[in-house]
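Naming follows writing order (A, B, C and D), and every chain is counted from residue 1.
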Amino acid sequence: MTLAHGRPYLAIPGPSVMPDRVLAAMHRPAPNIYEGALVEMVHGLVPDLKAAARTAGEVAIYIANGHGAWEAAASNTIRPGEKVLVLSTGRFAAGWGVVFERLGAETQVIDFGKRAAVDLGAVEAALAADSAHKIKAVIVVHVDTATSVKNDIPGIRAVLDKLGHPALYMVDCIASLAVDRFEMDAWGVDVMVAASQKGLMTPPGLGFVFFNEKAAARQVETASFYWDWTPRANPALFYQFFGGTAPTHHLFGLREALDMIAEEGGIEAVWARHEKLARAAWAAFDAWGQGGPLEMNIADPGLRSCAVTALRIGGEDGTRLRRWVDEKAGLTLGIGLGMAEPDDPAWHGFFRLGHMGHINGHMMMGALGVIEAGLAALDIPHGPGALAAAARVIAEA
Amino acid sequence: MTLAHGRPYLAIPGPSVMPDRVLAAMHRPAPNIYEGALVEMVHGLVPDLKAAARTAGEVAIYIANGHGAWEAAASNTIRPGEKVLVLSTGRFAAGWGVVFERLGAETQVIDFGKRAAVDLGAVEAALAADSAHKIKAVIVVHVDTATSVKNDIPGIRAVLDKLGHPALYMVDCIASLAVDRFEMDAWGVDVMVAASQKGLMTPPGLGFVFFNEKAAARQVETASFYWDWTPRANPALFYQFFGGTAPTHHLFGLREALDMIAEEGGIEAVWARHEKLARAAWAAFDAWGQGGPLEMNIADPGLRSCAVTALRIGGEDGTRLRRWVDEKAGLTLGIGLGMAEPDDPAWHGFFRLGHMGHINGHMMMGALGVIEAGLAALDIPHGPGALAAAARVIAEA
Amino acid sequence: MTLAHGRPYLAIPGPSVMPDRVLAAMHRPAPNIYEGALVEMVHGLVPDLKAAARTAGEVAIYIANGHGAWEAAASNTIRPGEKVLVLSTGRFAAGWGVVFERLGAETQVIDFGKRAAVDLGAVEAALAADSAHKIKAVIVVHVDTATSVKNDIPGIRAVLDKLGHPALYMVDCIASLAVDRFEMDAWGVDVMVAASQKGLMTPPGLGFVFFNEKAAARQVETASFYWDWTPRANPALFYQFFGGTAPTHHLFGLREALDMIAEEGGIEAVWARHEKLARAAWAAFDAWGQGGPLEMNIADPGLRSCAVTALRIGGEDGTRLRRWVDEKAGLTLGIGLGMAEPDDPAWHGFFRLGHMGHINGHMMMGALGVIEAGLAALDIPHGPGALAAAARVIAEA
Amino acid sequence: MTLAHGRPYLAIPGPSVMPDRVLAAMHRPAPNIYEGALVEMVHGLVPDLKAAARTAGEVAIYIANGHGAWEAAASNTIRPGEKVLVLSTGRFAAGWGVVFERLGAETQVIDFGKRAAVDLGAVEAALAADSAHKIKAVIVVHVDTATSVKNDIPGIRAVLDKLGHPALYMVDCIASLAVDRFEMDAWGVDVMVAASQKGLMTPPGLGFVFFNEKAAARQVETASFYWDWTPRANPALFYQFFGGTAPTHHLFGLREALDMIAEEGGIEAVWARHEKLARAAWAAFDAWGQGGPLEMNIADPGLRSCAVTALRIGGEDGTRLRRWVDEKAGLTLGIGLGMAEPDDPAWHGFFRLGHMGHINGHMMMGALGVIEAGLAALDIPHGPGALAAAARVIAEA
């Protein structure tokens, strides 16, 4: 038998659960792209996006996924032959580095492994060694969706400042924007990259690059037409917002999502919700782990993202558990990413729980509840008291 | 703070959670009502509705809510002055009795209170006393949504048969159809009343009256035009299905809901899912009740419906808990119904959890999870181990 | 080949074209039916419905189609054995009469044929003959959807007043509400019946009965539970608005439709639009008729409804034309209704163009344009200049 | 007064009218992007896209608008410093040329003005002069959305072949795909660029680059990560289809649109419909022009696109007419593009009628009908018989 028939719950680390309101806002006739409701609405998106990113800088909106936003950021900032320092804490900073390389940049990668955050000492050493300031940009992900680590963004800025290193500081917040606290201006980030489908609760298809004056001043002449952020951030004509035809339906979806954030009380309320929900999940994972193989990939809670939790369980139990909760209870968990290759048997020993965006108390308890059911059904050893512990965290709301 | 921002979850005992597929099926241009897709589709609804009701009899579809379906059933079966035996186990059989009275019938009510099922001995006594067979119909609800009791439908038929009493046997399955096992023909039910918004997962607006040959043969000449079941069950022209304009959009929604039931494996699979989910809830309620005031209204599990569970908690804690899970965690519970008047302070000591229709494992665990959080947050004493107990039931899937 | 692939256009006389906004408003999760957004919203529907009907009286909302609203009106006003005067100008007054008969009333029908409005002299004669005031109600349709005739509602009231006849004056505005000018209070109508799916642009499933103090005072004790208008018009508890579970999704659709009427400038603006569009259609029909068999069923423009135009074309050309515009150009016309039986070859010589509700200039010109194309394609003789004539009327906007 | 209240009709040259089915297909929960329905569905898109383009070559799908697809095509084919021949017949080939320039290419532009197609003699002269074959690509738009000219795509290929010139032949079909006949392989096109929001009836947000073996073989090493067409056309892993996260909702919309094309009878039926509808429009424009200033921008019907017709009317009448039909009749026409600068008073003398995608007979007649009404209302002289002439073309269906 199965208990899956009911609302499907997609708890992968992106795309996140799309709110009914966002989907409804996208279900509309195509609008005129030269004047009227769309044109009037788009201008209002800009301040709200900046508020979500905590910046007084600029934002360029792209029809693209996160990889496109990566390329946009790279195209505007680096010339062929210039050097980029890549601080790798999982999968995505290295992926972004490849995008730079494909544009002709040289990369220097520091790999912090799959279970750790950026070590500031190592960053300082690398930058200090670059006395000629050949490194033109330092790139890092705020939250690595694969490992679920959260990096110390202001800490890296402090290292740059301490050394007086002029490199652009570029941060990927694709997984963390509108989830984990992020303060672009206060934390001294020059360029920030994000996308629509996670904390912003809008289907995949929009990428964002935020940039400050320093980054704007450094814009390179090799930026391509499509990626050029200048006309997008300061369009003389409406179509320049999007370098061509506007992504009409996504924009109405994004508008609704930003309205929802405002109605919740703004970005700080959104952060607080995610933190509490993540702590509920961690309480459960901790308890289960006391009596079995389940273990959070990031041991230090201070280094964990509130967007996703990567789990290690070993053997084939990651895949078994994912299958069970999907087929028996209607919950789709994320695969483990980057911990082992798909053709390696070890690949099956990992999974992830996404908890970003449109998620509330009963959804988190529902996800954890059927994970416990799955552990029981599959005879995977696990400690007691996990759900009660999670409920106690929820009770703090 | 609040953890409510996310998918709202309406866990009241109807309307139930509307599947996205059903809502999408209703989001369509108005169809032609004389020929084409609508006309072709409607004929297929009839066998699927009958399959859900386990009958080879007839079905009349009404644009109406459940109260309208009650009136339809009454209008076709009883003349002014005739007598109806009402077996009351909460709120709804008595309500149906009033509908009969308003059509001129005389009712004899046996009230079994708010925490018990129909007592067969009392039924036998009442019918045996009616040696003149003045009672033309016996009416009962399969599941009373207020008390969450489930009555012994074949047992009442056995009493009628034992006595050779010719009264029509009429059952309200508004809360139970496509939730609790119900076998119209095998259980000897002559007339059954249902509605769209609970187990059938379609917005309120459609009522159904199923009837067998015995009931058809007894149809009274006083049936009104709108309620007359004959042309609806056997229309010569399409509009007669609905006594006028078809409820176009609801019909497409119902079609989708019936398709979902078929895809799940048919009505028996639907029953099995509901039973398991209900047992998970009961396991949690039992555990909480060991250490505090929470108590299921119906003590005997064999008498509980799988559609809804009515709870007693006392004081103001019913209302407090409802408010907390709604405002803090996104879960809407049902008010207590019929246990006390709304202006009686005792009214706040009750609530109900709906678990009918489009509900699966993670939804049930999510609802229970935030109830536990609410009990903790509100310092309402409760026994431990409830969520783990519920998860163990889910694990049996 | 076909030129039908594109937006389907349903130009039958109901259901009318559902606005995207209305459908979107219905595409939502089920709401709580005890408190919250739904409950707050419903109260606001009442004044807006009354404004559309131009009455300070009461309104009862029913989950029902128009036939159900007919029965509601009848159930509240007439006792078995009482007499009703039926003024028949096509199909629907007589149909309503049957509903009264099935409730036990006696009807006296005056049939004005299929191409004429009510003759006031005949009404006066009938009422004058009823010196004993056995006639308790006079019923008439404002607009007969079959013949497209529009009756002189204030004229009939004048006859009643002239004779001092106390009968209730009951009018069916199912086809005309929010289309043709109708002034319930100013015109002295006691009871008015309407439905959602025509001028109110909401899917079939809601019926309305408006009634004034005189009708309220006369309410009969035989009104059934479901049809009783008193608790619906003045509910003590929310569920009494609907005699049970609320038609949740339809109500949100209706709210949106009423908002659209308000945004257009109110009911007078809606009437003016319909009148202009109808005149455009009539200009075209006049022109075509100059050179061929096409003829409007109602010769006198002052007696034509702005909701629908019934056409006579003869032979099989009604059906041929309907088929052609449907299959070749994406336009669905209405069948002729009530002019001949479906098994009579003459049946194929009629059709209707619905032009009620969510219809604007390009839609009307599109419908007329492909009718002209169809006439040409099928070699049906027709006069020239029809589309230009229609465009000239549109140009007056 | 206004006759605009009804279905809005957006008749601009893109985005086109989105079918309800496409919008409904996009209104769904986010799917898993690693396995399941989305993954299974995407593979089927590829052959259907190729069928629409009439190619056995490859297709790369981009989250991007048409400008992004331009850049994708350029990024894969041209190195900095290489030369591109731009055949400009309005606005868009020159725009594409700028994209090449921004990637470092040198362009040679032949401008054929705003009212003419590519002159093959001029192309031959330019290519013959390039005996060193420095020109690596010849770019042209099939249909220029601004001028509505349709270029002779096989004719240009014949020139290349005659001269044995090895340049890649790259064609922009953004406005013409699934509208005007286009045969990628038979016509010898090496690279073709398209987008979702016109003939493919899907909201803006997807771009497509089709390429043949010759183009694949010439792929340059400077292609950026995001634009690299190789992994997109032949992905080893699912995410490579889209260079990152899939555009989940758009893909389901595109699937529905491609199904609609198939249901219509395939791409040839779609072409035939567009041709007939365009000829209806041209018949009307011809008639109006006989008695007034209205004139089609492209005089030769053989050079006109079936996707859009650009009109010249002079003075302020373009803007006046657009405003009138929008505010009075619910039709939104396209602005004139590229004929004059927006701050030039002459700008107001142009407009465009889009007739691509989800358009059928009544829609075309509706658009033309209210244009005639507008001409009359605004006292703009125009010849008679336009609508009748258009209807005669529709009658040929």
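Here is the rule we use: a residue touches a chain if its C-beta (ideal position, glycine included) is under 8 Å from a C-beta of that chain, and two chains touch if they have at least 3 such contacts.
Here the structure is a predicted model, which means the values were calculated and not measured.
*Asks:* Which of these, B-D, A-D or C-D, gives back the A-B interface, meaning over half of its contact pairs coincide by residue number?
*Replies:* Checking each pair in B-D, A-D or C-D, only one repeats A-B, namely C-D.
*Asks:* Could you see whether A-C or B-C has the larger number of C-beta contact pairs?
*Replies:* Counting C-beta pairs in contact, B-C comes out ahead.
*Asks:* Cα centroid separation between subunit A and subunit C, in whole Å?
*Replies:* Going by mean C-alpha positions, subunit A sits 55 Å from subunit C.
*Asks:* Taking the mean of the C-alpha atoms as each chain's centre, how many Å separate subunit C from subunit D?
*Replies:* 44
*Asks:* When the centre of a chain is set as the mean of its C-alpha atoms, what distance in Å lies between subunit B and subunit C?
*Replies:* Here the centre of subunit C sits 35 Å away from the centre of subunit B.
*Asks:* Give the residues of subunit A touching no fewer than two other chains, as numbers and ranges.
*Replies:* Counting only residues that touch two or more other chains, subunit A contributes 17, 20, 24, 27-29.
*Asks:* Help me check something: in the complex, which residues belonging to subunit A touch subunit C?
*Replies:* Result: residues 20, 24, 27-29 of subunit A touch subunit C.
*Asks:* Where on subunit C is subunit B touching in the complex?
*Replies:* Listed in rising order, the residues are 8, 10, 12, 14-18, 23-24, 26-34, 63-68, 70-71, 75, 98-99, 102-104, 195, 197, 203-205, 222-226, 228, 242-250, 332, 334-335.
*Asks:* If you look only at subunit A, which of its residues touch subunit B in the complex?
*Replies:* For subunit A paired with subunit B, touching residues are 1-7, 9, 17, 19-20, 27, 260, 264, 269-270, 272-273, 276-277, 325, 328-331, 358-370, 372-374, 376-377, 384-388, 390-392, 394-397.
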